[in-house]
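Have a look at the structure that comes next, please.
Here the chain labels run A, B, C and D in written order, and each chain numbers its own residues starting at 1.
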Amino acid sequence: MSTPTATAPDRTVSLREVGPARRGTRPDEVVIALSPAFAGHFTKTIVDVPHAEVLRQLMAGIEEQGVTARLVRVLETADLAAIAHTAARMSGSGISVGILSRGTTMIHQKDLPRLSNLELFPQSPLLDAPVFRMIGSNAAQYAKGEHPQPVPTRNDQMARPRWQAKAALLHLKEFDCIEPGRGPVEVEAVFGPGTAG
Amino acid sequence: MTSTRPRQSLRTEILESRPVNLDGFVEEWPEKGLVAMESDFDPAPSIRVQDGRVVELDGTERADFDFMDTFIADHAIDVASAEASVAIPSAEIARMLIDPGVSRGDVLAVSRGLTPAKILDVVKLMNVVEIMQGMQKMRARRTPANQGHSTSARDNPIQVAADAAEGALRGFAELETTLGVVRYAPLVAIALQVGGQVGRGGVLTQCALEEATELELGMRGITAYAETISIYGTESVFIDGDDTPWSKSFLAAAYASRGIKMRFTSGTGSEVQMGNAEGKSMLYLEIRCILMAKGAGVQGLQNGSISCIGVPGAVPGGLRAVAAENLVASMVDLECASGNDQSFSHSAMRRTARAMPQMLPGTDFVCSGYSSVPNADNMFAGSNFDTDDFDDWNTIQRDFQVDGGLRHVREDEILAARNKAARALQAVFAHLDLPSITDDEVEAATYANSSNDYPLRDVLADLKAAQSVMDREVTGLDLVKALESAGFHDVAENLLTVLRQRVSGDLLQTSAVLTADFTPLSAINDPNDYAGPGTGYRLSGERWEQLKKLRHVTSASNPETEVG
Amino acid sequence: MTSASPPTLNAADYPLSINRPELLRTPTGKPITALTMDSVVSGDLSPADLRIAPETLQLQAQLAEASGRPQLAANFRRAAEMTAIPDQEVLAMYNALRPRASTAEQLAALAERLEGTYTAPVCAALVREAAEVYARRGLLARPEAGGDADAGAPAGSPAATPVTTAATAAAARADREEGQPA
Amino acid sequence: MGAREGGPPQGRLVVGVDIGNSTTEACLAAVAPDGSISYLATDLTRTTGVKGTPDNTAGALAAIRGALARAGLGAADVDAVLLNEATPVISGLAMETITETIITESTMIGHNPATPGGEGLGVGTTVAMAELPGQPPGTPVVCVVPAGADFDDVAAAVNAAVAAGVDVVAAVLAGDDAVLVTNRLHRPIPVVDEVAAVERVPLGMLAAVEVAPPGRTIRTLSNSYGLATVFGLDPAQTRQVSPVARALTGNRSAVVVRTPSGDVTDRRIPVGELVLRGAGKTLRVDVDAGAEAIMDTVARVQPLDDADGEPGTHVGGMLAQVRDTMADVMDVAGQPAVPVAEIAIRDVLAVDTFVPAEVRGGLAGEVALENAVALAAMVRTSRSRMQLVADRVSEQLGAAARIGGVEGEMAVGGALTTPGVDRPVAVLDLGGGSTDAALLTRDGECTAVHVAGAGELVTKLVDSELALDDREVAEEVKRFPLAKVESFFHLRHEDGTVQFVDQPLPPHVFARVVVLTPEGPAPVPTRHGLDHVRRVRREAKRRVFVVNALRALRQVAPGGNLRALDFVVLLGGSALDFEIPDLVADALAPYGVVCGTGNVLGTEGPRTAVAAGLVRAHAARPVECPTG
């Protein structure tokens, strides 16, 4: 595991609900869809990358490409494909990034079947800040109709003994935070100390 | 993190750096099914039979059965004996399992009527030594065996052939492969088949792929059996896997209809990992899988958590549950390929301990995939044991006088087999006009350890050739012809004999393997007859002499030399 | 093949390849002893000669029954029926049995086809049983399922193998086999 | 061709069999006593082993049996099997990179990142970010930001410095942060990012950073006089920096640092000599002289007797390898080995190409298109072992088999069965390893040549010029048309037409340039657009097949004059290509030649010409002794 960006640990994020999520019309937006417990019940991924940093890097990757990011929290499911697909259908560009509290991430597109995806990052223990930046960047490039090289995925045979059970536990906890019947809500990220802009 | 911590003792520092602390451990959460086998949320045993039909199962009325309940009630449980069997106190059944005076057959007469909750109730009473004792008696085949993984990180067929030959020579009764690049499958499956028959005639091979291709390779006689047919313990997870007990039963019959040996795969932890354990313990759900497999009429099961081993491995009593699930498969008369096939721990001590409940009593296949290649080449994401562990495994067999299915083989024999396998494959490729295998590759295969030790192949040419193998409908018969015409008469004869077995169907029976002289050995003609000390399978005679050999053993007659 | 009624076997007859080779024939009618190297080299053998015959599966079913394994025997009986069904259609039928892949009518048609075309009553019974359970558990395809991947495929038609469904299942299984934390 | 209609065949049954490099084709016909031919069936199978060796027997038998089966006949009915006299042809390929771009003293950064920040030109002294606070006000500085710096921190540092009066005019970053940083600046400046080796940017030097608006390219730094203006250069110095300007042309962003002796050079790499012997001469040519010089030299030694490359070079290794392979192929157990020296390289084709390579001394992984020369070479021997194949076929089929004619002549004969073709006719067999030409004059005289270079070389050029590093993808790019996937439900073909699909396209092709293979669209892993990929593909085909078509035809044309040819018939696997026949026909059009893809027997397309030619030759000379 590589280290997160040097200055990261200071930053915090809180999410402010601004109302029901709506369908976007701007073709230059990517919707980032957060799972029920992201930056709420949980504050960091399975390998302790702070959710503030995850979000900041995803958004930075999108912004660097000249695309805007919009945040949505999905409350009635903790299924990554469902979260990402819901967001894709709300995205003006049709592109979304879905993310679970433990870090598992997926880039989705509105016309794809729910169980499919553009890019999937299933090994949450191997995702660090630079990877989240690249995921954001790729999502934005898809939104622009470009064809980025897929973010290289890594593999670690020993992830099983170390992380398999914790991943299952986090998964169960996330399920506990589901609020059945509540539609997706639009949220705003308010970053804590350490930011300049 | 950089913050200052309280001072640590030097001993703690050493302990912190031990590999076992890289493993993950979690607390139980029984409400969600994150618990090995002791949960208040598992159902209590019950059964009611009316008009030859189960109308209540473990506290659920027939109208409320989910499809697992329905399938188990209608196919797995013997209605004639069910009420009587479930009425027997669990402690008494548990005692039957360990009592040498009660035969395997006597236990089966009871177990065929048991419900999932009742079986759980029985094994919950047993500690790990009792579970091992039960396994020693309930294993279907008298003679234990082992299975190897023979794969290549580069999907290099020459490597697979050479490692298959060495693996077969070392004793694996079955060899399994899979691919990085799926389109390589035909060439790698051919390599496995040819290499396996060089090492020891009668080794059975399989190639794990999606159903259609796997079945096709089997039907063509390029592979001999299949085991990656997954089943799950809850209805919702089963559906997530896009199957039902009925679709899987249909598939089981499809394999048998082509004369191909097959077993299902399941294991503790898969349901909770997929988030739908429905609040039941891992072992309870696995018992449902085992009974579903039984009801489908499949001859055996690969279980022992398998790819989810990190989940039971992280909770209290998890490995006891894993040992128990193997026992349950055996006590309902299924062949059990008992796991130990996936990377499990950073700790060598834990890796070894994990295998003892299977290795010491013996199972039908102690590992359902001991990596007979270095783990870096293992395309099943790593096994609990790999080639580096061969000498340790052989030593443990010798220490405890147990048969774990392998043996030490002298270097010259191994080199000869690897060389011959590579040459045989070279001849087969030439005969089938596949991209040639150079003498340099044969030389590399003879002495190699991993895929890095081989010259690179022209992958494009290989993939085109792999497609042509499918297009030209190359079959096992073509391999036999190729081997025969190139002068590898013995290998050709071995392969033909394996193919002929398909016509007889003998390998379809429970726990069947082929011995080196091509005798099918199954639970029918090699039934486990354990009846206490001095009975059952005993490591003795010629086999024990084989296992006494290690790489370095000082000669008693001349202590200045080594024997072997 | 012989016209005599099938022999009655018990466990001592196993393995048939060694103890009762005279009972074993290929689907093409050759005795198992004809499967020699000479016949391979001379080109007299075809891949069809290396398939199992339905009669043999019935014999193995007898052995399984005699060894106290009624479920295994039933599996062999279904298998004996299936030997007549072409490979592609077997796979198509399997796919049709996946959850929400077929309507009640399609499963009924599949059972009919098994019974009528292939004289496979045991397999047909399994399909009918599945249809009943699927109906109760909501696992039938909605008649005009639209939208997502798994639109129902007509049962029993090899041309309509629901490829997407199979692919999804393969992916799900790959996940599982991979067994990595997701 | 399907099974024949009507009653039993009249006359004697003959099978013509053409053993080619990749396919073996059979043509079954009945020859009536009057010499008239009725064609009954054809078959095609893969050639087993190297052409011209005994391993061919299996493939030949398979094709013969296949044709017989289609016609519903048995081997016992066959009167004669006719094989082509084919000598083994083995070809090889090699590539030498002959130029190298080197940046010294970290003078230039021209890697063209996808997302630079800001716009305009900033000229100032390079200063590390950490040193910004101490800079005197009013002096223009270019801020150099180390790897690992967070974009928020960078923006904060620059804003603080500017607020303190430091004149920050531009920035150079290690990470992909340019837009992020500029979005957070109070005063916009041009920013170039993704400079991986930022720590090697010389500090305290005058530097210029230029970023053009989206869709535009830089104007100042890519212009020698612009550089002279920015850095106050004299004419001699301006001449010296002109390679820098050239290297930056077409970029959206760039950085140039003025250092005492910094330079960008483009040097030639000596890669050894090629020694060509022929026409009584021995000529030497440096491989790095380029394709034109090499081909001029090859032309001066026609006919080529042999060629050698300098040992230790790719070309030398390739030529030796080709020779060794041929020696292996000709090796017969129990007979003395063929001396390698006896095997001669009979033709060489050199093609100029380019290889994207990382610039030495670059700070940001700059890539320059270096010149390279690709060489194809071909070897053939006089020792054919086709008689042995004929003997084996005869023995295993139980019918007489003999050599029925020489390949080139037979191909022409077969080509003549194409409707609308007449003598004099030339054929061009566009294969994988070699391109073959043969001419049949009005008087029935036939000449044939083989020249090196064909489909394999095209694949290699496509592979290296697109930097695919994947021969399989390159092969697909060569063989199938391109398209751009514009959504999950439509794609735009290379001719601009749009096609809609009912089933969504698979995710891995989304937004990509794809090759339309028979299995479906396959992504081309490149950042280049469709037009570029298409241009590379067509150029590669032109440089190999058009050049070789002209070269080979000149060798057979009377007096080397292409205008003396009337009909040119294209044969072979590459004649089935979707654009090669058109490219060749276009090139031949100015010479007044009728050129098109063959349609042997009016049904077989460019296939089966030699086999049909064998049957024709046999019918024309019904009584003859087997050749030996």
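Worth pointing out:
Definition applied: a residue touches a chain if its C-beta (ideal position, glycine included) is under 8 Å from a C-beta of that chain, and two chains touch if they have at least 3 such contacts.
Model, not experiment: these values are computed from the prediction.
Set side by side, the interfaces B-C and A-B show unequal numbers of C-beta pairs in contact, with more at B-C. Geometrically, the chain at the heart of the complex, using CA-atom means, is B.
Computed from the mean C-alpha positions, the centre of chain B lies at a distance of 23 Å from the centre of chain C.
Chain B and chain D have centres, each the mean of its CA atoms, that are 48 Å apart. Centre-to-centre spacing of chain A and chain B amounts to 38 Å, using the average Cα coordinate of each chain. Each of residues 168, 178-181 in chain C touches at least two other chains. Counting partners per residue, chain A has 113, 116, 160, 163-164, 166-168, 171 as the residues that reach two or more other chains. Residues 66-67, 70-71, 74-76, 105, 108, 208, 210-212, 215-216, 219-221, 228, 230, 235, 238-244, 246-247, 249-259, 270, 273-274, 294-299, 306-310, 333, 342, 380-381, 473, 475-477, 480-481, 484-485, 489, 492-493, 496, 499-506, 508-510, 519-520, 522-525 of chain B are the ones that touch chain C when the two sit in their complex.
Across the interface of their complex, chain B is touched by residues 46, 48-49, 58-59, 470-472, 475 of chain D. Within the complex, the chain C residues that touch chain B are 11, 14-18, 21, 24, 26, 32, 35, 37, 40-41, 45-47, 49-53, 56-57, 59-60, 63-64, 67-69, 71-76, 78-83, 85, 87, 90-91, 93-94, 97-99, 123, 126-127, 129-130, 133-134, 137, 139, 165-166, 168-170, 172-173, 176-181. Interface residues of chain D facing chain A in the complex, by the touch rule stated above, are 114-115, 148-153, 155-156, 159, 176-180, 183-184, 486-489, 504, 507, 510-513, 523, 525, 527. Remark: chain B residues 1, 22-26, 29, 32, 34, 269, 272-273, 275, 307-311, 313-315, 342-346, 375, 378, 381-382 touch chain A in the complex.
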